[in-house]
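In what comes next, chain A is part of two complexes: it sits with chain B in the first one and with chain C in the second one.
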Partner chain A sequence: MKNMLRVVYSSCLLQMKQSFSRSMFRFSIIIYPILFAWTMYLIYEGQDNSMLVSYVMLGTAVATMWGSISFSSAGDIDRERFMGALEVIFCCPARFSTIMMGKVIGNTILGFFSMVLSFAFVIIFLKVRFTVANPLYFCLSVVIGMISLVMVAMLLSALLAISRSTRVIMNSMEYPVLIFCGTVFPIDILPVWTRPLSFTLSPTYILKLCRESIEGISDFGVFYTYLLGLITVTLIYYILYKWFYTVIDIKARKEATLEVV
Partner chain B sequence: MSIIEVIDLKRDYHTDLGILKREKKTVNALNGISFSVEKGEIFGLLGPNGAGKTSTIKILTTLLAPTAGQATVLGYKCFGEEKKLRKKINFIFGGERSLYWRLSAWDNLSYFCDLYSVDEKIKKKRIEKLLELVGLSDKAHYKVETFSKGMKQRLQIARGMVNDPEVLFLDEPTIGLDPSGAKTLRDIIRLLSREGKTILLTTHYMHEADELCNRIAVIDKGRIIALDEPCKLKAFMNETTLEDAYLKMIVGE
Partner chain C sequence: MRKFIRMSLLSFKAMFGWLDPKVYVLTKIIDPCLQMIFYSLLVRFTFGSSDITPWIIGNAFLLSTRNAVFATGSLLRSERFEGTLKLVIASPGNKLSTFAARSFISIFDAAVTVVVGLLAGIAIFHVDLSGISYFQFVLSILTAMLGGTSLGLVIATVALVMREIHLFLNVAAMLLFILTGASFPIERLPAPARTLSCFLPVTRSIEASRIIAEKGSIEKIYILLGTEIIISFIYLFFAYFLYIYFERKARIDASLDVY
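Here is the complex of A and B:
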């Protein structure tokens, strides 16, 4: 257990040092959220404060968190593969999933920093009032939401380790979240047939829970249903990631997918 | 008991050809090779590109699954008992990869020490010793991206030694190095051998194999075509240099 925690800590630290040394990453976690928030503000300017909080603040927060956790985790697998480090970390005594967990947590911490930065920008420069009606439920939603995004990133990292089409998967991940999860507009305006897809993605629940707890929970039954939904999809992601990691341990070595071809 | 035991080892790669009409193609990288390596030996694998040298090393280092046959290192199966084996071995692939370029040499070694569960009490001393061994003590806190190719390869050697492995696999460790850098690496390999490490290496440089290896296996098209001590291989082919003997075996010159 002690060794496992050491590997998680060490991988997390390495991830943050590595990511922060890349100018592209610094842009993604510092400049991009500000530009995204500003764009959203210009779209929603003139609307009431609750719409600004919902789509400018929360939309930016989820988009940047998603970008940092999932997008970066995917990019990392690709970078590790091209650097030849994927093979080295795959066959060291520490479990590959433990190493990846550390890296994903590293991205989560940076993503959280990015989220706080975007909040600060919106409050200070765009003068959007940010008050939370149910702070306890808001914190609970954020914590479970973060855990859920970590599970998504773990699931994706497993998929990317056995696939060489890393960049394709990586680039096709961003827009479904922006479109189907209510990040930049309400999902109610989408065709009904897209709803099942929306509710398989945890950002949908995270946004609904955060919005409810910020505005004030009017119906706790609905709030708990969304919370249960978020916990359920998170558990499904967890089961799938655990299963995928057992599969890739054999599949990656049988199909030689760890190297660059 | 031999440290490395390979019996009738086979490895196939499957690829898809074509875009609309997909056609499966199988490449036989290893066609049933057998050899064994004894404790403290420097064993060389020679052969042309695509002969199966890297596939052999990757199977022995638990990176690839064999299609058929047996491969054991230190008595553990390379596919099936990898958890027990990984602590006791390490590998170094030639070139500048397998390192985190944006981190310092020290950070790289420290990270790999953690992945190999090196005791915190001995970690610092071991990193210092390894950096001294590869002549990078004064560059410990410089980013790897500022290193020359030779320095990166020396750091790779240090990375491969973080867990004080009993068996070390080296895949073309001196590729692309200048003569002085290559000599430094050969000196390190000899030193490691004197310390009792078992070393399996592949190389395209015949003088290097002749100078370092106790025994050599020549692989061609996934089969071992010769296996003996360098002097015996030369005598058998009636040549004075290993390069001439090798060329005679491979291209019949």
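Here is the complex of A and C:
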């Protein structure tokens, strides 16, 4: 256990250092949240404060968190492959999933910084009033939400480890999540048939929980239902990621495609 | 000319995924459609029940311009990562012709993306483009792509002295989104940003396409498109001079094969 934690810590530290050396990552966690928040603010200009908090502030925060955690973690696979290090990481004595967990946690810490930055920008420069009616529930939602996003990132990294089109698939996943999770508009405006899809994605629950706790929870039954939903999908992601990592372990050795660029 | 076309096609096929149709479909058809749907739903929600046709047109133009900017902007970066940048620079061939050939197909390819985006708009959001002048509309699309490509080339030249060009490309794409008035009225921008939007390519093409869709003044359409072409050529010349400057700097600093 101690050794595993040491691997996670080293991998996390190295990941943060490597990520910050890349200009694209600096864009994703510093410039993108600011520009995205400004764009959303200009689109939502003239709407009341609660709309600005719900869609400009929270929407930007979740969109950037999603981007920096999920995409960066999936993109890491692609980078390792391009540098010829993927097969080395895969075959080293520490488990591949443990190393990836460290990388994902590193991205999560930086993603959290990005979320705080977007909040600060919206409050300070765009003068949006931000008060949380139920701070305890808000913090709880954020913490469980981040754990859920870590599981998503692990699941994506497993899925994309065996695909050569990692970057393309990764980029094509951005807008479906923004659309179906109701990041910058409510999911109620989408056709009803898309609703089940929305509720298989954890950002939908994260946004609903955060919005409820900011505005004030009127019905705790509904709040706990969403919380239970978030925990359930997170557990499903966890089971799937564990299973996928076992599958790719066999598949990668059998097909020998890890180093194929 | 045959060599120019052959080089255009070959580099396009190799660099933008035509060797794998799945990649092409994902990046050039599915992703633009999803982007279009996202922004159209957003403006429909924020602007209420008002006609969102102008915003759908604006977004269709913009997402393809993004393609044009990224396609041309990544040219030199790709060469660097494949280890061929120093060979291209050292070769006796005309570099302007080489890079023009590589960007050439991007103009038409990005125009295809506009059509895909507009078809998505027509199918999902019932955008009405019946009775418009298709000649003027195609002209406005090609003008916008020329503008996007010229901006992409300016950014591409920076790749001669920098390893990671994606920071510039992404900032440029976001600024185009904010400053061209594709998704919200330009009047909402602060005064300095409004001034900056006048100097950017694509702004006038989007405005012209909206006038075409509303069947407005023909004279105004041609003035806007004419100005856009002039601005695009200014960017192209700027890209050329920047290229000369950065090529010299890259040779002096010996940074061509740093990656």
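Just so it is clear, the second predicted complex is superposed on the first by the 260 of 261 C-alpha atoms of A that agree within 3 Å, B and C clash if a C-alpha of one lies under 4 Å from a C-alpha of the other, contacts with A are read in each partner's own complex, and residues count from 1 in each chain.
Here is the rule we use: contacts are C-beta pairs under 8 Å (C-beta built on N, C-alpha and C of every residue); 3 or more make two chains touch, one makes a residue touch a chain.
Note that this is a predicted model, so its numbers are computed, not measured.
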Touched partner set for A:Arg253, first chain B, second chain C, both or neither: first
Chain B versus chain C as contact partner of A:Pro186, first or second or both or neither: second
Touching partner for A:Phe130 - first (chain B), second (chain C), both, neither: neither
Contacts of A:Leu14 with chain B and chain C, given as first, second, both or neither: first
Partner chain in contact with A:Trp243 - chain B first, chain C second, else both or neither: neither
First (chain B), second (chain C), both or neither touched by A:Cys91: first
First, second, both or neither for A:Leu35, with chain B first and chain C second: second
First (chain B), second (chain C), both or neither touched by A:Asn3: first
First, second, both or neither for A:Tyr224, with chain B first and chain C second: neither
Chain B and chain C footprints on chain A, overlapping residues: 22
Residue ranges of chain C in contact with chain A within the complex: 17, 20, 22-23, 26-27, 30-31, 34-35, 37-38, 41-46, 164, 166-167, 170-171, 174-175, 177-178, 183-184, 188-189
Touch list for chain A against partner chain B, complex: 3, 6-7, 10-11, 14, 17-18, 21-22, 83-85, 87-94, 99, 250, 253-256, 258
Complex contact set, residues of chain A against chain C: 22-24, 26-27, 31-32, 35-36, 38-39, 42-45, 47, 165, 168-169, 171-172, 175-176, 178-179, 184-186, 189-190
Touching residues on chain B, where the partner in the complex is chain A: 13-14, 58, 61-65, 79, 82-83, 86-87, 91, 93, 95, 97-103, 107, 110-112, 114-117, 159, 163
